[in-house]
């Protein structure tokens, strides 16, 4: 980030991080991200990578659903397209790692554009259901286009290689996945400082008047679909390298629900919301496991008996956030920031 | 200034709280014990099996520890729920293996077995078995550190076909499978095998994974009019409806299933329409009082009510793992994937204490033994319909 | 005032979202059988006043925090909006708020719920008073089976008032009936408003930006600014008031209408209250 | 072409189509009154099945008593959900409320697993076994009964909305709550009623579906097919639910028989997309008026 | 600069800024517009009046491209734009406000105004994601221009960072005007700019409209029912009834036209109305 000069006052005013405090905190956060792999054990690194992958995908979905107002229940399918692309390119073409990730994003974006075509005519919840239809059709393709997808058995993916190094452990992959995700989140934040981001929001708020104001609807709706599924595709591609096998069951419909829930819990239409929401929803089940562990001495069968509780907690979180905190974690963070800004003078 | 200090204190407190909430930051003490890790589906579509598997494995651990453990070392089961989702299973695997010194692992699905295989091969420290009898896993070259405590799905079909070929040579068959990886697994190979055995597969019916109403499939079945109908890829639904409709239509076909649809209590709940359902079962049932089954006696003492088939599967899997560990340690070798697998493959004519009615060997990745059972609605029990069938390679 | 007041608002305060105060001690009365105009600038709280009376405030997270509203001799505060309607208080909301997806006649059917507990015919899908509506508004009869969303603005306003007629109320709250209507239609609608008042004895509380036409049909008028009444009186008196003439009727002193072309830049707003 | 076989397949399709219509009706009722797509319909269906199961097995009630009780349980559930969850969400975006019902479905599944564990179960038989023959064509008895019940219920609702002004109240409430209030409509009562009747319908459908396919915590996926039905039929149309249900039932039956079971889902969803491209608000759905 | 595609038809001589020629529009059997022709001269205010349902909004929608007319042509500076899409028209210099305020509720005032410039900007997706060089420069230029020319002009600097939803009705209308101005219009279309405003607020808006015409040199086409304002500030008045032009000319001419009075204006005099109304009760 450049420090504003007197000549460029508007640059300072429109920067992503306006105050020096914000910049300082961002520095701390980045330092923590760099140091994390040397402190955390393999399990937490695994989770960190998973969170990063989910953040990338949730950010994409938030661009489409939170910012452009097009509800999609097909995010998992777009991720699957990315994952299959990686598996195919890695196994059959043999192109290098980063190129495959990029290809995953691009192929996914292409599919996203196809799925987005009905969005000009089909609106709101009808569109959401149309995206379910698209994911069913994609699932059918994954299962039956055996020569490319390996059918129900799926494809095993060789470990990623970068500069001659094999990236097989979460430790190694962390150094690729987390930076890619950071860049993608930064890209999304940048987007909403420009005319394209504004156009997306305009379409969300009132699409027909946006058109009269000079925004070609179909082009921008498709662009949003493309971008969102590009994010999903890259996330899916990283997923493929992370889990190293892709099958039609890898990305079930429940995953799409998961991402929508993450975006809602985090905060629709905010970048930080996608990050917080994806991290929160990924980590909550893990934390619940600890709760169950602590309860184990009291309830000997806690592991088995309390596990449906996780299903309940997942649902309850969605409900509670929607009812009590409809703007999600992002809003809570904002409130907390205001609180600390004023603290201790006012509460 | 005061406020700053207070803030710092709060920060420290928060940090401490965080550290205690995230055990990943703290090191774990190593104990002299053998840990069996487990990604077990206690929720989700496969939970009915997972819960039973967990029970079976912990009972084996308990009995073994009561008898002094394995080569003087205690067994411990460390598992977590996966909801039958691959990514959760992997997460559990990573978590458990960082927190425990694990050389034996139970995995929950074919998808997980395939996903984690690369990791197993890379580590070379763990021997894994699981709930999947996927035929693809029955390949010691590709899956050197995995095995299954029973026949793979193709072998299960083979056992059924062998029974049919003997009972009614040249019989007409219909295969019914669900449109999932699990359901499709053995179909192709088994159609070929049936042909080789002189059996006639007159139709294959595929049902969507979420099928509720099967009327049209029953109509198809009626047209094919087979002597035997073999289901695969289901737990229970929609089999009862399939069978009762077929009976209403006066079809004479005999219905058969594979291991995961052979649980006695599920069928006992179905009642009359279940009468005559047959299937392949690699283990004895809980209530089997054969004299050569002392383990079953012990199990009944531990758990006075019926235990599902998953229980036996979990129990035997743990037993084979224990046996492999025992043989490795007794040979004075270090526990790792290679030694454990070698020890496992050294098992020959092994007495399972009656869980399986014949002595077993583990030449490769599977235990290709099974028996045909048939449900008797009056007694609400699966009864043996054949002798134990061991497949020759 | 000697006549019986059908509506008596006394010193009410209204707060939105528990934080934003909109009305600050507002009082007004509507005498039975009269039309009362409520004028004021945007944001003064006119619509809020109507919603406070009809109970619709609760839907927008608003509360009457103090004061009392009496309708037809009984306090109305505790009553739900639909109960108030059934007792004869009908609110024709700003922007017409017709049911776009329903046909014209179905819109009228919806209003028959207002008759619940009052009329023997209340359960019928088509009570006789539809004829009265169609008599006032023959155009609605022509389009009775058409979708209400496709009516023109004027026809939608007619339908909104028609629904009020079906409900056979004692008091109608009218919020900006002239909004977006052509001068001629404004005259038509207000003629009918006056007819309804005179022929059926229905009292009305009328919120309007078009002060001239509002005062033309009213007997009494109130002018409000930032949440309270700043001026009130019989219509004739208000129309003679110099401030009302300048700021509401657009008359420049005694000379008559002033032109918009002559407006000065940076004109300071007249403060009604210091 | 084997016409008898075709007829039988068609009849079976009609039967399952009627069940889809009945479930779709539950969607429609709620959407009509509250503009909410209730994605928990499948789970409420499941709840109906489990309630019946519990009444018969755990409490030992007779089936004739357990059936109305299970349906009443559905109504009670609808009442509670509407009061505690849906009403506070008034005015929120439709996607938020949609996700709320997704959360609700998840909670229901978890609760069911907690109480009844995850075993699939068969419902006690309350329909009898003897097959039904129409001419020479065979129809499963359960399917036939399901068809008759569904057809009667849907016909009842069609008549109700034709001749009873309640239908107008429902739609008026959905279009504009404040305006509905101002017309004297008891809006909270309409909301409650819609949810109660819809959930009772779903619970009833759950009995029929459970009787045919057994009950399990995963049986809620049936709701997804019903969702396709309402999208094709139009979210706010009872007639659409009927026609859409029959259509999807037939398509599924034909696709499953003549193409293979694995083609069922993909065929119905392809038809869904095609239908939406031609009629974005479904066959009988109300077209929203767009204005600048 | 001119993005409108060249028409195959020979362009009409540039007599008018906007020329509507023989426009016809019908939905099914319903005729919304029939043979509507009129012109908006450069630097003038033209008012479009007529009864509700006369087709004013349909005509506006045809001009801004939301509806496709079935007959006739629309020309902007001599270029036929009848078949172009709304965004292209916006780029060609056609801006409008809406009868029911159509601001974007999720954005601040500043972003709403910036959005108006959309069609004139060039940042592509890749530049937007990186926010490098050209993209940032373009945004900064826009910000400076919006601040200097529009926010100051319309006196809305105190609300620039507020979400539009929190603004009063009158301010929202002003922000909408600001957004339209950000579109760099050559022709500004205002749909009932003072509906729902009282005299005082109407005066404010009238002042801004006159300033836009005089200081920015933008031509204005407006639909409005407030006859006092229409007659005072417009240079040319077009009257529609049943989708046809029944009169047009100078305000005074139109006002005196008996057909217009009968169809649209009514008595036009509150005093007269009051006299009539007081007789209503007795007459019935």
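Each chain gets a letter, A, B, C, D and E, in the order it is written, and its residues are counted from 1.
As a working rule, contacts are C-beta pairs under 8 Å (C-beta built on N, C-alpha and C of every residue); 3 or more make two chains touch, one makes a residue touch a chain.
Please read all numbers here as calculations on a predicted model, not as lab measurements.
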item	value
Chain labels contacting chain A and also chain C	D, E
Joint neighbours of chain C and chain B, given as chain labels	D
Most distant chain from chain A by Cα centroid	C
For chain A paired with chain B, centre-to-centre distance based on mean C-alpha positions, whole Å	35
Interchain centroid distance [CA atoms averaged], chain D/chain E, Å	48
Whole-Å gap separating chain A and chain E, where each centre is the average of the chain's CA atoms	42
Where chain B and chain E are represented by their mean Cα positions, the distance between them in whole Å	72
Chain E, residues touching no fewer than two other chains	64, 66, 98-99, 102
Multi-partner residues of chain A (each touching 2 or more other chains)	143, 208-209, 212, 308, 310-311
Chain C residues counted as touching two or more neighbouring chains	none
Residue ranges of chain E touching chain A (in the complex, touch as defined)	64-66, 85-87, 90-91, 95-96, 98, 102-107, 111, 114-121, 123-125, 127-131, 135-136, 138-140, 143-144, 147, 179, 183
Residues of chain B defined as touching chain A within the complex	3, 21-25, 42-43, 47, 51, 54, 79-81, 83, 85-88, 90-91, 94-95, 97-99, 111, 114-115, 117-119, 122, 136, 179-181, 184
Sites on chain D touched by chain C in the complex	90, 163-165, 168-169, 171-172, 174-187, 286, 289
Footprint of chain C on chain E - complex, ascending	49-54, 99, 168-170, 192, 195-203, 206-207, 210, 225, 227-229, 232-233, 263-268, 270-271, 273-274, 276-277, 280-281, 284
Chain C residues touching chain E - in the complex, by the definition given at the top	39-43, 152-155, 176, 179-188, 190-191, 194-195, 197-199, 209, 211-213, 215-217, 247-250, 257, 259-261, 263, 265, 267, 269
